[in-house]
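To start, the structure itself, in structure tokens.
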Amino acid sequence: MNMPNFYQHYCPGRIIAGYDALKKIPSLMDRLGCKTAMVVTDKGVVAAGLIKHVEAAFEGADCSIAHVFDESPPDSSNIASNKLAGLFKGYKCDLFLAVGGGSALDTAKGANIVISQKSDDLLNIQGAENIEADLLPTIAVPTTAGTGSEVTKAAVIYNEEKKVKMLFSADKLYPTMAVLDPKMSATVPPKITAATGLDALTHSIEAFINLQKNPIDDAYAVAAIELIAKYIVRATENGASDMEARFGMANAALMAGAAFSNSMVGIVHSLAHACGAVCHVPHGLANGILLPWSLEYNLPRVAEYIGQLCEPLGCEQTGSDPLEQARLTIRAIRDLEERLNGVCGLPLRLKDAGVSGDKLPMVARVAVNDGCLMYNPLEVGYEDALRVLRNAF
Amino acid sequence: MLELTRFEKTMISARKFPVWRRMETKAKRVYLAMALRTFGAAFEAVTASSKECENELSQWEEGRRFALGVEPSGPYITLEKKGRKIRMIGTGLKEPVLSIVFKNLDSAMMVYTTYMGVVQATAENRAVIRGDNGKAMEVIRVLEIIMTYLLPGFILRKNFRTAPTLSAPQYLVMLRIYVSLVPSLVKTFF
Amino acid sequence: MQLPNFYEHYCPAKIIAGQRSLSNLPFEMGRFGTKRALVVIEEDIYKTGFINLLEQAFTDSELNIGQVFSRKNTRVTLGGAREIADLFRRSDCDCLIALGGGEAMDAVKSAAILIGANSGELPSEERFSMTLPKIFAVPAAYAPGYPVTNLVELFDEGKKKSRYFFSDDLIARLVVLDPRLTLKTSASNRVAYAMDALARSVEAIMEPEVNPIVLIYARAAIGLVVKNLESALEEGKRERQADQALANASLYAGIAFSHASRGLIAATAQGLNCITGMQTGIASSILLPHGFEMFSEKYGSQIGEAAGAFTSKRLSATESGVAAVRASLEALQGVSPLPKRLHEAGIIESELERVAEAVRETPFYCESFFNSQDVAVLLEKAF
């Protein structure tokens, strides 16, 4: 490949992955010199019985869980973060143990910022995109395989007062450790397994074709794509018992996260964010629907790169014409999504995902202001965004 | 053996002298200060004449202040939306709600010598955005429009993501912008 | 991709690579809260004037260079490390920058240990628990692994032996790959480093249960070497691109290899270097095809995982990964100007025994993984 003019790659968290990786948490805490963990999670995770697995890992250990905070909202907010920070100090904890999807981790990150900036309200913190104080250690235990937030530096926190989303993004926000254990995602229902898996697929593909692509993120992305092609249908179909598939997807999501936290995402994500904001389409689902159409949009600029993904997706590489190759890749993605549709009824069109046609212009308008577009290989204007949305409708 | 070019070698040895290093830094700052002011003037001129900019700006709230510049010690300029156009309100940081700043002089030099676009530089992590990302996207879109009017096509095609071909009426606008740049520049520099 | 039942991966180094990346160093260092750096540089690198580029980068910054320590290109000793540590304290620095190759890096790591211990004495344990000052690396030669290993070797004059220390704090927090700094490498050196990177990547994945992240780095390194080695021998613009690609490959290979830090080829190359002074890159280049044959049967499936990186064409079902890699290695040997046999590189047969002994002393030797018999066979085959 051509070397990029300039790139950065950073993935400083320690990765611990394995079939019984949870059991390692006490010894990991020991290595960090921590004794008292604050578990941050949400009600869904508790109801699925997953916290029991975590508690079991602490049996006989000389460190402990002081409290289980299960009030992380679906969109983590400043109120939840402030409350968590107060409890954290009250229980004299020294480590955040975030168990859940992206929002539990975001809530923990928010509280961590509050504590490290010696404040009691997240809203007081100015210029927080450049957090320079050291944060307290965080161990992330993902329960879905998709967001990759266990290895990313961003935290999105909803400002309840101003009713806007605040984006924090700083090197200090990388979780100290990520623990992948397949049994933590075993109870995720098929549709969500498929949607979150497609989120990870989108992360890797967008990282691979973006302006900021570079050899190491490419390698992360390719590995993730291979694993997703191999395991996503299995994990969707038979997720409760096929631990190999769950483990494969957990690793894929992490690798995709590492790839896109450096190379970033592009048009698919900006459209998906807008679909989420305007029509409340779940993130992974929107990504999955928009991915093939967006690749078609980017095709004129990056056919070569898209074509290179044919092989990791597991389909035969035939001709040498890059455009033809790229079409094969897009075909392979559509095939994969159709199989998921057969297995769990995953919607393939925006209209089946709760988007009404008259909302599309609004979605397009929101999408063109999304920061992700900055990294897309082709410029995207309002008309372009609308065209892709109409195609996917 | 692969060699540094003669220019690179000369630069490396010249930088042995602290005086040179300070001078080089100073020179870059002076250049960037000039480039930024020119850019500020271009903002005023282009937004006054271009239809695309007008469309973009109609989405902005009145009085939005944003800054462009270089960390850690400048130069900066601050601009503001006023009515249907953008006005430069001066050098330095004047309480902007949004700023797009380069992490160092060298990265800024690459952009302001038109070696690469702002989008590419931000994608390469050479610049940081402080403030709301959505607003930053709006500013960057206007910035890209300004670039298309300001720079000749061959540079755009070589170094930028977008290389639009201007239509005949747009060339007229371009001409008008160049003409109107003169008073703006006179105003900013004197 | 085959996943192991359990793995752990850690690499806190941030890679900053590409045009003018050196200018980004002060900004990125600032994020670690450091203010004043002690730069350790090798004498011959000092002469190239690269230090001027570094100083220039700090001219417009709130951080500064407290002191520059230029050291002779010799083995790192306790005495040498003390000198650096003393200078660090006297000049009130709070972090270290290694500008140069492996020795500058080792010197910085050794000094960091003494600074952390704050007593002028080395800790008694190989694995100690104390906080060290932050280390940043600006490789001015291809530096396979040095910035990203948690290991340092230094010679203790008092005890008259090499000592090894391990700590995660020894890993550079930033690694800056600025293309200007590796340009002075000669074509044959460039090939040697590239082959070294290739050998390390191949060995990194010849492990019973390879960590998939290591596989990712190894694949990336292999891909870059295979695609760029030939262009690196040409003149002109493409060469610069290729040079930058190989420097990156070298770093990736280091990250991959540092996870297990053991391997027959690495250990044997190190042994050859100790006894005969042969450059490890050249040694790796000679040893790689033979070492590969010795292990290919045992680790066929792992090699299959990386085979795609060796070749751009898709492997048919009948073609094994091993065969593809073998063909690719042969092709690389074909374009490489380096010697293909140890005797062609001036090694005499009587030296081999001493080399084999030295191999056992290197940190990459691992009895449970290969034995002295294997070393002897490899040396004999490669002779």
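For clarity, chains are labelled A, B and C in written order, and residue numbers in each chain start from 1.
We adopt the following convention: contacts are C-beta pairs under 8 Å (C-beta built on N, C-alpha and C of every residue); 3 or more make two chains touch, one makes a residue touch a chain.
Quick caveat, the model's predicted, so the values are computed rather than measured.
When each chain is reduced to the mean of its CA atoms, the one lying nearest the mean of all protein CA atoms is A.
By number of C-beta pairs in contact, chains A-C lead all other pairings. One simple way to say how far apart two chains are is to compare their mean CA positions; for chain A and chain B this gives 34 Å.
Put simply, the C-alpha centre of chain B and that of chain C have 40 angstrom between them.
For chain A, the set of residues that touch two or more other chains comprises 4-8.
Each of residues 124, 126 in chain B touches at least two other chains. Looking at chain C, one finds that residues 18-20 touch two or more other chains.
Against chain B, the residues of chain C that register as touching in their complex are 18-20, 23-24, 26-27, 48-50, 52-53, 55-57, 59-62, 180, 183-187, 190, 235, 239-240, 243. Chain contact summary for the complex, chain B toward chain C: residues 1-4, 8, 12-16, 18, 21-22, 24-25, 28-29, 71-73, 103-107, 110, 124, 126. Within the complex formed with chain C, the residues of chain A that make contact are 1-12, 14-21, 132, 134, 171-172, 214-216, 218-220, 222-223, 226-227, 230, 244, 247-248, 251, 255, 311, 316-317. Taken together, the chain A residues at the contact with chain B in this complex read 4-8, 127, 129-130, 167, 210-212, 264, 368-371, 373-375, 377-379. Residue ranges on chain C touching chain A, taken from their complex, read 1, 3-21, 30-31, 33, 212-213, 215-217, 219-220, 223-224, 227, 241, 244-245, 248, 252, 308, 313-314.
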